[in-house]
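Two complexes are shown next, each including subunit A; its partner changes from subunit B in the first to subunit C in the second.
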Partner chain A sequence: MSAAQTALDRVTRVPGVRGAIILSASDGLVVAEQLMDGIDGRAAAALAGSLVGRLTRAARSAGLGEPAFVQLRSEGGSILAAPGGQDVVLVAVAGPEANVGLARLEMLDAAGRFV
Partner chain B sequence: MTDNIRSLTSRLAEEPSSLAFLELGEALRQRGQLEAAYKVARGGQNRYPGLADAHDLIARILSDQGDLAGAFDAWSDALRLDPLRTSALKGIAFLYYRAGDLLAAVEHLERAAESDPDDESIPRALARIRSEARRSAPGPRPPDASEPAPPPSEPVPEEPTNGAGSESPFGALEEGEHGLLLVDSNGLRLGGTLTTSAEGEMGDRVAAQLAGLSREAARATRLLGLGAWHSISVETPEGQLVLSAPTAETVLLAVRDRSLPMARVGLLAERAARAARTWLEREA
Partner chain C sequence: MRALEPWVIDPLQTFLDESSARLTLLMTSSGQVVAQHGFSRSLDVMTAAALGAGIVASTDELARLMGATRFGALVHHGVRQSCMLSAFGTPRGRWIGLVVFGPETSVGIVQLFFDQMVEQLVTIAPREQAPAPVLAENFEGELNASLKALFGRQ
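Showing the complex of A and B:
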């Protein structure tokens, strides 16, 4: 099993996580994905990539360095993102019942392995 | 790659002399693919050097990339080709505002308002910048006959206890306004301050990076069937950021160092958002 697939497996095993994607930070293209039916991986990757890029620029401008973890909360759940090395971002889509704390730890660990 | 970008790329490949580069460049810019957007726009500009739209597009991309001098030159070129171009006037006004030259920002916005009286964002931006200019002016301001005097019944604002200006959206917060930013949909700072030890006040620069963020977050959550967005939290090695939308037109940013747990930064952001909403309603 590839490192990417292992990372996706670990994140999607967290209760409430509906899927995960590894995308290229520079162009938002999908590198690997493991998603529930009904989630458009390409669109999710493009939007998450763009959002993380914008937040990275804002954080840098604020003198805070690179984001390690991002959570976008919404009525129906969260989009989680953990930028890793090698120009990749690990993104997960979580439902409202998800254990976000556990997902965060798995994602930070998995993203760290891409350095 | 989205269907729209794929289709525009095909159109441009089939007909390199078409103006599809304008749409494609803008679509790529909105997706945050700034390098690709720049290549497309530059290619189109080389083909159509007299087209103001091409210079305008390049200016927007350079502005997003943080190349403000390049953006200024490109918008100036657009204005040379089309002196009444509202987007270029607004763009240059924005750059002057960020540089702290409020007078030049107002002058350009006034020209933009004359050029497009239906653009409601221009009088709003003008009012904010004029208000800010008045606050930052040293000493008492001479009476201005062009502006109505405040009604005599208007209460005199109380001196804030936290050092923030009485006009601050966060004047009522005991934490003060440091590390809080309220930003409008155009990336202009409405209030708050954000300083770094290395570079001083960075509020305007960070505000500019947040232009369009609310729209982008809403698009992402809608497309993934997650409903309306509430907040964004960002962890970095140096600090914690929480963003929320006090209103549909504004974004609030709260920044604290790592010593404060993220959940407490979230609570601070909630209080600041309530204060900002109250302030915005009063200012409206």
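Showing the complex of A and C:
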């Protein structure tokens, strides 16, 4: 199993997580994905990549350095993103019932391991 | 943004707003310009349309030689600017989109909203008028009329 697939497995095993994507940050293209039906991976990758890119620029402009983790909460759940090295971002789509704390730990660890 | 056909304006404007594309050209597969955004000189539009149509024709032929179906999109990554060229079917014939974008956006975003624009164009395209073939004797007149409409001058 590839490092990317291992990372996706770890994240999607967290209860409530509906899918995970590894994407190229600069391109917004999917590198690997493991998603439930009904989630458009291509759109999620493009938009999450754009979001992380803009937040990175905002954090740098504010003198905060690189963002380590991004959580976007909405009515139906959360988008979680962990930027890694080598221009990749690990993104998870979590439902409202998800254990976001555990997902965050798994994502930070996985992002650190597979890059 | 200028368009020869008004029904193209809304989908194209949405695409421009969402994608942050710098230049966009919609043309027929023969290189006739349908709409443009960002070009300031008619010569640039003519050149880009001719080159874009030629590249799509070449890649179509390459795909045929490889026994493949047509390629979906061609993306050229540059340092300061990148370019995407994609052909798609509409009720008005086969069209080509040429999009130039910078590092302020990404190829994923451009492709995502380009595909949404194509869906909108296919949905709202008027069905009643079939595209007329371009004859050599009409070409120069049609080209000048199109450029006048797109730039307000000849």
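Following the convention adopted for this analysis, the second predicted complex is superposed on the first by the 113 of 115 C-alpha atoms of A that agree within 3 Å, B and C clash if a C-alpha of one lies under 4 Å from a C-alpha of the other, contacts with A are read in each partner's own complex, and residues count from 1 in each chain.
Methods note: a residue touches a chain if its C-beta (ideal position, glycine included) is under 8 Å from a C-beta of that chain, and two chains touch if they have at least 3 such contacts.
Since we're looking at a predicted model, the values are computed, not measured.
With the C-alpha superposition on subunit A as described, subunit C and subunit B clash in the combined arrangement. In the superposed model, A:Asp27 makes contact with both subunit B and subunit C. Of the two partner chains placed by the overlay, only subunit B lies in contact with A:Gly38; subunit C stays clear of it.
In the superposed model, A:Ala59 makes contact with subunit B only, not with subunit C. Judged by the touch definition given at the top, the superposed model places A:Leu47 against both subunit B and subunit C. In the superposed pair of complexes, A:Val91 makes contact with neither subunit B nor subunit C. Once the two complexes are overlaid on the shared chain, A:Ile79 sits against subunit B while remaining clear of subunit C.
Subunit A is touched at more residues by one of its partners, and among subunit B and subunit C that partner is B. When the two complexes are overlaid on their common chain A, residue A:Val17 makes contact with neither subunit B nor subunit C. Overlap of the subunit B and subunit C contact sets on subunit A: residues 26-29, 42-43, 46-47, 49-50, 53.
Residues of subunit A touching subunit B in their complex: 26-29, 38-40, 42-44, 46-51, 53-55, 57-59, 61-79, 93. Those residues of subunit A that touch subunit C in the shared complex are 23-24, 26-29, 42-43, 45-47, 49-50, 53. Note for the complex: subunit C touches subunit A at residues 103, 105-109, 111-112. Interface residues of subunit B, counted against subunit A in their complex, comprise 1-2, 30-33, 35-36, 66, 194, 196-199, 202, 205-206, 209-210, 212-213, 216-217, 219-221, 223-239, 241, 253, 255.
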